[in-house]
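Structures for review follow.
Two complexes come next, and they have one chain in common, chain A, joined by chain B in the first and chain C in the second.
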Partner chain A sequence: MKKIDITATLTLILIMPMTFAATLPSGDEIANNINARDEGVSVSRMVVMEMTDKRGKQRIRKTRGFRKYFGDEKRTVIYYLTPKNVKDTAFMTYDYADASIDDDQWLYLPAMRKVRRISASDRGDYFLGTDFTYEEIKNETRVSIEDYTRKTIGEAIIDGHRTFIIESTPVDKATAKELGYSKVKQWIDAKIWMARKTEFTSLRNKRLKTTYTREIKQVQGIWTAHLLTVENHKTGHSTKFSFSEVDYQTPISDDLFTARAMRRGL
Partner chain B sequence: MTCSPRERCVVASKALVASFTLLINTTVAAATSSNSITVGNEWAYSTQAKQTQKFETTLKPEIEINSGRDMRLTAIGRIRYDAKNQIDVDNDTDAELREFYLETTIGRSFLTLGKQQIVWGKADGLKVLDVVNPQEWREFILDDFDQSRIPLWTVNAEIPVNDVTLQLLWIPDQTYHKFAAGDDLYTFTSPQQIPQLPDGVTRKMAAEERPDNTLQDADWGARLSTFWNGWDLTFNYLYHYDDRPVLYRQLSMTTNGLVASITPRYERSHLIGTTFSNAFGDFTLRGEAGYSLDRYISTNDATDLDGIVKTSELAYVIGMDWSGFSDTLLSTQVFQSLLSDYLPSMIRQETETTLTFLARRDLMNQTVSATLLWIHNLDFDDGLARPEITYQLNDVVSLKFGADIFYGDQIGLFGQFKKNNRVITSIEASY
Partner chain C sequence: MTTDTPAEMFFERLTRWPKTIILLGLLLIVATGSFIPTLQKDTRSDAFMPPDHPALVYRDKVQEIFGLKDPMVIAVVNDGEHGIFNPQSLTLVAWLSLELEEIANIDPNRITSLATENDVIGTEDGMLVEPFFEETPTTQQEADAIRIAVMDFPLFVGSIAARDGSATLIVAELEDQAAAQTTYQALLELVERAPKGAGDTIHVAGEGAVSGYMGAYIDADAKRLNPFAALVITFVLFIAFRTLRGALLPNLVVLGTVASALGLMAAFGVPFFVITNALPVVLIGIAVADSIHIMSQYYEEVAQHPKANSQQLAVQAMVKMWRPITLTTLTTMAGFLGLSIASIMPPMEYFGIFAMVGVAVAWLYSMTVVPAFLTLLKPGQSRAFQSNTASSNHKGSDKFGQMMSYLGRFVIKRPGVVLTIGAVVIISGIVGATKLELNEARITIFQKDEAIVKADHAINSNLDGAHYLDIVIETPNIEDLFKPQHLQQIEALQDYVTTLPHVNGSTSIVDYLKQMNRALNSDDKAAYQLPDNAEMVAQQFLLYSASGDPSDFEKEVDYDYRLANVRVRLDSGLYSVEKAVVEAVEYYLETNFNAIDIKTSGIRASLSGRVNIDYHWIKSLGDSHFYSVAISLLLVMAMAALSMRSAVAGFITVIPVAVSVLLIYAVMGFTNIWLAIGTSMFAAIAIGLGVDFSVHTIERLQVLIKKGGRSIDEAITELYPSTGRALLFNFAALTLGFGVLTTSEVVPLMRFGALVAVAVTSSFIASMTILPALIKVLKPRFIGLEKTE
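For the complex of A and B:
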C-alpha cells in the first residue's frame, strides 16, 4: 500500500507540472497579449523622475511626455520642464512598425540650441541619467517581440495580483549586447497583461536591476501605470517615475512630434 | 499720399513696435510666470604668464511669462564682472538684455518676435551656416556659442507646409561681430586675419562705415526643413551683411611718407546652403555646406587699388559621430573653405582645412562628463585642445575643470593665442 502511495505521488508530481504548464499561456502568447493591450491612440502626461544614488543624493526632473500612433508608427517626445539646468531639453523618437528599420531619434540640448540626430543603436544605454534604457523608455510597458525568445516558467502573486512569470532571452549575442541583458524575467499580471515586476540579468549573468510597476489604475478606460521604480543592483542607483495628469482623450497635434517643436519647447 | 523711403521706414518701425507692444500687453494680462537665475564664477589661470587670466562672475536672470493663449514672453539678461580685466581691458563689467522675445502661434505656424538667437547648421565648434547672428570674439571661440552669439532683433516665422517647414527671417538689426581689440588678450594678430603693410607704410584707421538704414539694410533669410527617408534636410538662404568688416585700403603720399588709410566697411553677401543628418547603426552622419557669392578678402598686394579682392567661397563640414560604446560619443569633423578667385597675395589660403575630434564619456548616471575637443588646422599645423570634466553636484550646482591649450605657429588662427594657454575651474548654480 505504501508502495502504491509512493508511485501515485510520484506520478502526480510528474504529471502536475505538465498539467500546470498546459494551463499557462506560452511566453509568446503573453507577449502578444501585453502588446495588444489598449494604449490609446495618444497620451499626454506629466512624469516626475526621481534619481537617487547609493548615498541617497537625489535629483528630480519634472517632464511632460507625449506619445501618439501614426498608423503603426509610434512617436514619442519628452520635454524637460525643471530644474533649470535641464529645462527645455527634449528627446524624440520615431519607432517604426517594421523592426528591420532603425528607430529615428533626436535630442535637443538648449545650451547647443540645436536638435541633434542621435543613433538609435545605443538602445541599451541609460536614458539621460536614469536607470531605464532608451529601449525601455520607448517601449514603456510593452515588450520587444523580435528581440527575445521567451518561455513561461510559472506563476506567482505580486502585490496581491496573480502573475505569469516569463523568462526572455535575447535572440542572439549581438542583440544581447545592444540591449545590455542576457536574460529578463517578468511577472505579468494575468488579468491586465502588464508587467508588475521585472528582473534584468547582466551580460555577465549577474543580477543587474529590478523594476516594479505600481499604482496601476484605469484612466479613461485604459490601464495605466502611475509609478515605475527601478533599482540598479550594480550601482546602487535607483529611479522612480511618477505619472500624473494622464490624458488619452485630448487630441495631440502632430506638430508636437517635430524638430521645430523641440526647439521651441512647451 | 506718398512717403519717402525714410518716412516709410519710420512708419514700418512704429508699426512693428506697436504690434510687439500690443502682443506683450496681451501676453502679460492673465499670465503665469517662471523666473530663474544662474550665477557662476569662472577662474582661468594662464600657464605661461603664471597669473590669473580671468576671474569672472556672471549673473543670468531669466523671466518667462506664459499666457493661456499660446503666447510666451522671454527675457534673458546677463551681467558679467571680470575682476582681472585682461580679456576686455576697457570693460570689466558688462550688462545687457541678451534676449527678449515673444513667441506665439498663428494656426500651425510659429512666430517669434524680438531679440533672439537663430541657430542654423549641424557642426560642432565650427561655423558655416551658423552666421545669422554675429559673434562676440572677446575670448576667441572659447566662450560657449550660446553666450558668444549676439542676439538680434528679428521677426522669425516658421510655417509648416505639408511635410516641409518654411522659416522666414527678417532682421532689421545692424549689429555685427564684436572683436577683441588693442591690448585685449584675444586680439587677432595673425597675418591670416590682419592685412600686412609694406615696411615704411603707416597705418591710419578711418571711421567704420556701418549700414544704418533699418529697413533697407535689414538681413533676410529663408530655410526649408524636412525629414525625408530618414534624412534631416535643410536648404538655407541668407541675404545679409557679412559680420566681419571689409578693410578697404587707400594709399596716399603725405609729408610723413606713405600712409595706408584703412576704412572698415560692411558688405552684403548671398549665402546659399544646405544641411543634412542621418543615423546608420552606431554612426550618425551630419554635415552642412554654404556658398557665399560675395566675399571680400584683403590682399597684401601694395599695387591693388583698394586692397580687396572679391571672390566666392564654398565652405563645408562633414561630421561622423560614433556611439558604439555605452555612454560614449566619439565624433570627428572635416571642415574646408575654398575660394573661387584666389590670388596668392590674399591674406588667407585658397583652401583652408580644419579637423576636429570630440570624445565624451558620461559617468555616474550622467552626473560626471569627461570631454576632449581637439581642433587642428592642417594648413598651419596649429590647433586647440580642450579637455574638460564637469560634475553635476546636484540639481542646482555644477563644477567644471578644464584647460584650453593652443599650439602651433603664431601665424595660425589658433597658434596666435598660444601665449594664452590656461587651466580653468568654474562653478555654476541655477535656481
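For the complex of A and C:
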C-alpha cells in the first residue's frame, strides 16, 4: 500500500466521508458478511438465563434449547430445567421467512398439562422476561437486512479485537416503532463477522441498551458466542445468557418441534 | 433617685456610646440577613415527621423495593356520551403518557395509564398479553372495543378508569419529591398544550402535585403577608405615639429580630417549612411589644420631666422597663421552648427554637439599640402623652388612656362580676375542649376554588381515589409467594379491606394471577380465581413474561417473589377516615397475619404508604398538642414564679393565658374547627405571647404597691392609663399582626392567625380584668400588701 500523507487523509475524511468509507467495507457488505456466516442447520445447547433487576436480585433459569432450520423456516424449542416450579415448561416458536406472516408460538405449562398458544409477539416485545427482544432472539447473531439502512462509521478495538462500527437506522418510522429503536450501533469483528458490542437507542433518542457478545469460540468449526450480556439503561434490568454443551452435529429429530414433544418433555 | 441603682449605672454607661451600639446593631442585621437568600423551601409532607420515624423509615424501604413514590396524578375527564372512551380522549391519554416521559423528574419507567398498561385476554387456545391499544383508535367502534376490554379487566376498573367510563388516570411517579414544584409547573404547561378533544378536561393532582402546588402558593402568600403585617403594625405604632420615632424605632427592632431568626435558620441549614410562613408575622408582633413599653415609658418621662436631656430620659425609661421586659422575654421564650420540646415534628421544633432566638434578639435590641437611639435623638414629646402633665390626678387623658381608666374603675367596683364571667369562660372552655376534634386533610390547606382542590375532587369522586395505603406482605423464603395459602391470605385481606368505609379498591399480584387464570381458562368468568398450586403460579408468571415487560410487576411483587405489596385506594385524605381504616387494618393484620407464629404461617404484613404516614403524623400531632400546652404553661409558670420568687405569683400569672386557651378550645369545639397542623400551634404561641400582659400587669402592681406604697385600689387606678394603655397597643399590634394572617390563602395559616388573634385578645382582656380583680380579692402576699389592710 502506498504511504498516504496524513494531512491529506484527514482532509479527505473531513471533506469526503465517502472516500473514507471506501477504505472500509460498506455497511451492507458487512451485513452480508454477517449473515453469510455459518450457523449450522441445527443446534442443541444448554442456556443459563440470568436476569438481574436494578436492586441486584436475580432469577436464574437453566434451559435446554434446540433450533433447526426447515428450509427458510426456523423452529426453536426451549425446555426449562430449573427452578423446580417451572421445570418441564417448554416454549416453542416457528419463525417464518415471510415477514408478513406472524410467527407461531406455544407454551407448554406442565401444571395445566396443556400446550397454550400465545399471541404472536411483536418483534420489539421482550422475550420471556429477559432484556432481549423477540427480534434479537430470532436473529441470534445475524442482522435483518431489510429493516435498516446502514453505514460504516469507523473502526475500533473491542475486547482486544478489531471491529468495524456500523450504524443502522430503521428504514421508516413504522419499522422503528415495531423494533423499538431509532438507531443501532454495532461493533462487528473484522475477521469473523460477529457483533461484539451493540448499542441501542430508544425511539426517544436515549441510550437504551448495550449488549456484549463474548467468549466467542469455534465449536465444530462454527464460531459460537458463549456469553451474551445485555443491560437495559432505562430500567436498570440486565440479562446474561451463558451457553454450554453447544452441539451442531448430533441430528435433531423434526418431531422434537411439536406440541406432542413439548408435552412429553425431555 | 439620688443614688444610682445598678440598672441606672448600666444604662448610663451603655448610652455613652450610642453610635457604636447602633452600628453594631445594624451590622448584626446585615450579617444575619445576608444568609436569608440561602433559605431552602421544604413543602413535602414528609418534612413534618422526624426523618428517623419508624413509619417513614419503613416507607422508604418499601419505596426502595417496589418503587411507589408519591405520584403526580393526571385525570382526563369527559362528560360526553362515551366518557373518555372516544378516539380523541384516548389519543389524548396516549399523547400525555408519551410526553410525560420527556419531563424532567418524571420516572419514565413508572408511568401508568390506559396507554401504557397491558391487557391480559384469554383466547380459545391460549392467553394474550397486549396493550389496550397499540395504535390510537380512530373510530368510535374501536374506542368502544377498548372500553369493553378495560371494563373486563377488574384490576383497572376504578383504579385507572372510572367505573362509569367518565374519567381515566395517568399516574406518574417522581424521581425526586423535593423538585415537585418545578415538575408540577412543567406538567401544567404540558396540559396546556395537550391536544384536548370536545368535552375533555384535564386535572393534575396527587401527592406530588400537592407539594408542587404548595411551593408556589406559599411563596406568593409570604410575599404578600409579611409586608402587610409590617405596615399594619407601623400604623398601630403611629396611632399609639403619633411620632415618627415611635413608629420607626420599633420597626428597627423588628428588622433585627426577623433578620436574625431567618438568617440563623438559613445559616444552620434549617429549611423553610409550610408553617414557617407564620414565623415572621409572629416575630413582628413580638418584636414591637418590648419597644412599645419602652417608648410609652419614654414619653411618660418626657411629659413628666420636660427639662431632662436625651440620655437621662432614655436611662430613666430603661430603668423602669428593663425588668418587665426581661420577664416577658423569659416567659415568652418559655412558651416557645414548650412548643419545641413537646413537638416531634421538625417544622414545629424549629419554629419554637427560632421564635425563641427572635424573642431574645428583640430583647437585646430593645435593651440596647432603642435607648441608644433615644439618647441620640433630641427629646421629643408625643401629643398622645402631653395631656398627662396637665392634670397629675388624671393621667392618660388621651382617649386610649381614658378608655383603660374606665375599665379600671369597673374592675375595682365589680370584681365579683369579673371573676364570675371568668369562671363561665373556663367552664365552657373545658366543655368545648372535650368536643375538640383532631383532624386534618392535606387538601384543605388550599382554598376551595383552587385548581388542585377541584382536581382532587374530580379524581376522588370519579375513581376509587388517589389516597394510597400500602400493605407490605413479607414471607421468609424466595418464591414463597407462589404458595397458594399465602396468596389466599392476601386475597382474604383484600376482601376485608374493601369492606371498610372510603376504601374502594385494592391491587395486588393476586388480581393479576386471577386475571391470568381466567385468560388461561378461555376467559371463563368462573375461573377468575387463584391457581391451586405453586407450580401453576410460577408458570403463569413465565407465561406472562412471554409477552410482558421484565419490569411489569415491579409495583406488586419483588424480584424474587418474597415480598408483595397490596395497594389500597381511599377516596379521602381525611385523618379521621385514614385513622379508621389504618386501625381496622392493623387489627386485622395483628390477628390474621402477625399473631400466628412465623414458622408455621411464614407470612407477615405491615402498613406503609402515604395514608399510613399521615395517620402516624397527625396522631402524634394530637398527642404533642396537649403535651406542648402543658409544658408551655408549666415553663411559663415556673419562669414567672422564679422571677417573682413566689409560686402564687407564677400561678396567677398563667391564669389569663389559661383562660384564653380554654376559650379557644371552646370556640374550636363549638364551631367544629379541627385541631390540625396549623391550629395545633396556636396554644403554645398564645401562651408565650399572652403571658406578657399578665407579667406586665403584675410587675407594675408590685412596683406600685411594694415600692410606691399605694393601696390596692390606688395601684389599680394608676395601672390602667399607663401600663394598661401600653398593653392596649401591645395587644393591638399583636392582634392586628396575626389578623393579617387571616388574609392568607393558606387555610391552616388563616385559621392559625385567627385563633392566635382571638387568644391574644382574650388574654389581654383577662389580664386587664380577671387578674386585677383576683389580686384585689385574694390580696396575695407577693404583691406587697399588708395583710391587715
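Here is the rule we go by: the second predicted complex is superposed on the first by the 244 of 266 C-alpha atoms of A that agree within 3 Å, B and C clash if a C-alpha of one lies under 4 Å from a C-alpha of the other, contacts with A are read in each partner's own complex, and residues count from 1 in each chain.
In the analysis below, contacts are C-beta pairs under 8 Å (C-beta built on N, C-alpha and C of every residue); 3 or more make two chains touch, one makes a residue touch a chain.
Remember, it's a predicted structure, so these values are computed and weren't measured experimentally.
Superposition of the two structures on chain A leads chain B and chain C into a clash.
By the touch criterion defined above, A:Lys234 reaches chain C but does not reach chain B.
Contacts of A:Asp104 after superposition on the shared chain: chain B is touched, whereas chain C is not. Of the two partner chains placed by superposition, only chain C is touched by A:Thr89; chain B is not. When the two structures are aligned on the shared chain, A:Tyr126 is found in touch with chain B and with chain C. In the superposition on chain A, A:His226 makes contact with neither chain B nor chain C. When the two structures are aligned on the shared chain, A:Arg162 is found in touch with neither chain B nor chain C.
Residue contacts after overlaying the shared chain place A:Met51 against chain B and chain C alike.
In the superposition on chain A, A:Arg204 contacts chain C only, with no contact to chain B.
With chain A as the common frame, the single stretch of chain C that clashes into chain B is 128-136; none of the other options in 2-10, 128-136, 362-370 or 668-676 do.
Under the contact criterion defined above, the residues of chain A that touch both chain B in one complex and chain C in the other are 51, 53, 57, 59, 83, 85, 105-106, 111-112, 117-119, 121-122, 125-126, 128-131, 235, 237. Interface residues of chain C facing chain A in the complex, by the touch rule stated above, are 64-65, 101-102, 108-109, 123, 125-130, 134, 479, 482, 520, 531, 533-540, 542-543, 545-551, 554, 558-560.
On the side of chain A, the complex with chain C involves touching residues 51, 53, 55, 57-59, 80, 83, 85-86, 89, 91, 105-107, 109-112, 116-119, 121-122, 125-131, 204, 232, 234-235, 237, 239.
Those residues of chain B whose C-beta lies close enough to touch chain A in the complex are 36, 38, 103, 108, 110, 117, 119, 121-122, 144-146, 158, 160, 165, 225, 227, 230, 232, 277-284, 286, 321, 323-324, 326-327, 364-367, 392, 394-396, 398, 430-431. By the touch criterion given at the top, residues 51, 53, 57, 59-60, 83-85, 87, 102, 104-106, 111-115, 117-122, 124-126, 128-131, 180, 235, 237, 253, 255, 258-260, 264 of chain A touch chain B in their complex.
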